[in-house]
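Quick one: the structure is below, questions incoming.
Just so it is clear, A, B, C and D label the chains in written order, and each chain counts residues from 1 on its own.
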Amino acid sequence: MIDQNVIDNHNLTRGEYELIVRLIGREPNLTELGVFSAMWSEHCSYKSSKFYLKQLPTKGTNVVQGPGENAGIIDIGDGQVIVFKIESHNHPSFIEPFQGAATGVGGILRDIFTMGARPIAILDSLRFGPLTSPKNRAIMDGVISGISSYGNSIGVPTVGGEVYFDDCYALNPLVNVFCLGLAEKDKVFYAKTGGAGNAVLYVGSKTGRDGIHGATMASAEFGKETEHKRPNVQVGDPFKEKLLLEACLEVMDKDLIVGIQDMGAAGLTCSTAEMPAKSGTGLEIDLDKVPQREEGMTPYEILLSESQERMLIVALPEKVKAVREVFAKWDLDAVEIGRVIDGGRMKVRFHGELVVDVPVSAVVDLCPIYQRPVAPAAEPAPAVHLTPPLPKDCGGLLLELLASPTIADKEWVFRQYDHMVQTNTMLLPGADAAVLRIKDSKKALAVTLDGNSLYARLDPRSGGLIAVAEACRNLACVGARPVGVTNCLNFGNPEKPEVMRQFKEVVEGMSEACRAFGIPVTGGNVSFYNDTEGASIHPTPVLGIVGLLKNIDKVVTPGFKSAGDTVVLLGENTAELTGSEYLKVHFKDEGGRPPAIDLAGEKAVQETCLAAAEAGLLRSAHDLSEGGLAVCAAESGFFGDDRLGCELDLDDDIRMDALLFGEAQSRILATLTPSNVEGLLHLARLNGIKARVVGKVGGDVLRIRHKGRDVLTVPVKTAFETWKEAIPRHFMFQR
Amino acid sequence: MKFGVVAFPGSNCDFDTFYAFHDVMKQPTVWLWHKDHSLKDVDCVVLPGGFSYGDYLRSGAIARFSPLMQEVREFAAKGGLVLGICNGFQVLLELGLLPGAMLRNQHLKFLCRFVSIRLENARTRFTHKGRTGQVLRIPIAHFDGNYFAPPEMLEEIEANGQVVFRYADAEGRLTEEANVNGSLHGIAGLTNRMGNVMGMMPHPERASETLLGSADGRVIFESLISRF
Amino acid sequence: MKVRILVSFKDSVLDPQGQTVKNALHTLGYDAIRDVRQGKVFEIDLAGVSRAEAEKIVPEISDKVLANPIIEKFAWQIIEE
Amino acid sequence: MKVRILVSFKDSVLDPQGQTVKNALHTLGYDAIRDVRQGKVFEIDLAGVSRAEAEKIVPEISDKVLANPIIEKFAWQIIEE
């Protein structure tokens, strides 16, 4: 029966087990223990993170739904809402990159269409080990094929994202997938049951033995045992999901259902417990009616399977027939497996026997919340960490940075994604943010994912702050104002006090920045236990921020447009070096402090850029991030159709390498026709920020002068080819 | 001109195609459901892109057995206009309404990007508003767009002037590099012998508004809409 | 009855997937590999079907559905009576 | 020597392609078909390799390159000495 060994295997502590016994008033049977262990896993219960997540600002006049549902909802006016969320699929993607990533896409899509929204965009934030290793290449190739296979097939464009490389991800890649949906405000659906007597319908794929304990797997470190956790991998069926998507949206459109929830982590268990828990009811289901793919499945297996492409729907009894007809139209079965009951219990029958009978609130709401030990805050690192010798060949350094996969062109990745289906994508991947028009309106949405884990490792608080600031800056560069935030927090083992310190500080930084920008957090995801063989990844917050453009004609695109345009730098050059891609790539130095950030200054820079965009002054804008000014100027050349160079003249009193490659925050490089320059400088003065003309666009060379001396001269063509080839060259012989 | 856009399970450019005909080109446009047997008196049937039946087995292989395809076959035999885009092209090949077959892209990766295609034959019902030799900038997005036909078939297609589009560079040159998926003779689109059925891999519905980067695809829609 | 149907490219059709596998194997040092062709296999479970019926059905579905005769050929066998 | 390697999903793994083919065949009226599993087949030409060597090489490359042991299984045979 249930001994310590069984409890351990379920990843429950003795204390948790005893609490379960108290809550249900007896010893659980094995199936019930399985139910609790899945729902009380870190992945489903947020037991280590909840305490800290509470401080995130979640309110706002435009917030229709904050955290707590499958996805957050923001009102964008005209009776429309956007629905968005980000999810991690890190552990499955390490075990089986293709299917792990593919099912990650499938999962986040379901979170969006469960709420009645049609998914309109996917973005992915990916982190891998260095490409010099064949293993890392195989993981990257598999992950990208997986995302492409699922997203392309279902017809949701993958419009952007990010790809970072660092040693710390070699044994623990990160795959975070974001999805944005669009819905009518009065056609949004929630995971609720309505009153007793309502019918519970199971729709989608049959249940198999796949993915049992997926949630628990994502809630433990990888070690040797992971080997036999392997058969848990699920295979995604995007075709089935497409049918499910259309059928679900159709029953919602026809107003045939009461509530709906996808079966994600913890499968049937999760939806069977959460829906009634949110509605103050109970639920009774009969497992014999659950469509099964394999023979001889036990109740334990049926309840905990994480087979993909399944949903649970609650409908009024008189609507069941109509629901069935819609699903039949899409060649899907909708099977009645139970009903809503009074009394707040989850009752599960199998072969006529009651195999689970527990209060839903115990399963869903009463999992203990932990305030795990937090290591003391670290001493701030010295501002000047080291003084590298001044570089002689800055052109060579620029090429070295452009060839660094983190900075290099990602076209090899996104050309494998259908980024244009649905015909809304105005700004293709590669821009600071993706921009999607909203059909039949003047509005457009901008979306970006961002997070720099080196900053977060050096100083978690700054890492959190900068991630928010930079994501908003990306939006400002295309002319969009941020309206809502989601986030994916990827960390190591929360039982390590140092990891908890990182977590606590990152969340504090994020909270502070979101408050400063006045943007609500409407949801997110936490992925702990990103450790392999005892080593944790860098703390990696990934921010997903959605922005709104009121007037689509005012969108600003990156890339120099024409020779003779003036280049203006918004913001201040300061002597930042540590934490930079430059020190990391060239000196293998990852010490010191991340660049400083001042939120008021940041906001003023963004406000200036936005005001200029709205006034139609800008011909291009691009923010300065990894690789600093030189990389930003080079990329601005690459993004334009004519691949123009530019000449920049700088006279700041700071080290030349910090000026060229340092990552001082809150800077944007903009280009304008000369006649608009005064307008921009005026806006900058109004906002109290530094802005100045630094050069002009033209020629086929990128030339930067410092105090009248040429410090960097590189033909755009050379730079472009270096940047373009850096990733594909690793995949020449890859299948 | 009344257009009908076919929806198969797994079609995913059906809305885009409908939007292009109905909202952009302002033409009467109706949905055609794969399980039905009626073409609703349309003048032109459009098979959209996507992944009908997941593209499992082979792209377009299963959609060809849809009930509606019997009607499409008869409609085409009587000279009705049929346009297949991407997956729709693949379905037409599988149906045998167009000659040849699609293989996996030569680099074995899905490929989504703008390409240039050269208009080879401006005397078809689908292209008469364009000029032979004209270069169009239109996106592609496919895994299986590497056109193949056995030598005799290929010869016949060429001899009949059935090739409508070839992958080219921006200047209209047929280079190996421009032939992004490895298609034989760089074929990106072709008609049947009678000239009333056309298939093309590039997506004209994605290139019908300048807002989205190109409106070159309108040539095809405008050709269809206006009589010869 | 269980049948197995092998569908592969005709010899005249280039098989880039097979080529890529071959290259991958060469990179790993398997030099003895002279050629690789990749195809599809279907294992089909037929209920209540005689041998004679199978001999009618299987080539029919192979030709009509499983293989595209322009580029592919097929072969089949009974693997379980 | 020529070998044939069959790679298919393990029995417990969902095979969406096989399912879809099965459904298509049902729609076409082939009701006798109870199940379809779809897999890959590789035909490999090995030069100057003995049987014993093949017995070493083939499982090795199947495991390492051709099949994904996490979700797939393989079987092989010699089809030409």
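In this section, a residue touches a chain if its C-beta (ideal position, glycine included) is under 8 Å from a C-beta of that chain, and two chains touch if they have at least 3 such contacts.
Everything numeric in this text was worked out from a predicted model, so none of it was measured.
Looking at A-D alongside B-C, one finds more C-beta pairs in contact between the chains of A-D.
Using the mean of the Cα atoms as each chain's centre, the chain most removed from chain A is C.
For the pair chain A and chain D, the distance between mean C-alpha positions equals 37 Å. Chain A and chain C have centres, each the mean of its CA atoms, that are 41 Å apart. One finds 9 Å separating the Cα centroids of chain C and chain D. With centres set at the average Cα position, the gap from chain B to chain C is 29 Å. Looking at chain C, one finds that residues 17, 20-21, 24, 65-66 touch two or more other chains. Shown for chain B are the residues that touch two or more other chains, namely 53-54, 56-57, 62, 65, 108. For chain A, the set of residues touching two or more other chains reads 237, 239-240, 331, 735. Interface residues of chain B facing chain A in the complex, by the touch rule stated above, are 9-10, 12-13, 15-16, 19-20, 23, 49-51, 53-56, 108-113, 139, 141, 143, 203, 205-206, 209, 211-213.
Those residues of chain D that touch chain B in the complex are listed here as 16-17, 20-21, 24, 27-28, 38. Interface residues of chain D, counted against chain A in their complex, comprise 9-10, 12-16, 19-20, 23, 68, 70-71. Those residues of chain A that touch chain B in the complex are listed here as 145, 148-149, 152-155, 237-240, 242-243, 330-331, 414-426, 428, 437, 439-440, 552, 735.
On chain B, the positions that touch chain D within their shared complex are 53-54, 56-57, 62, 65.
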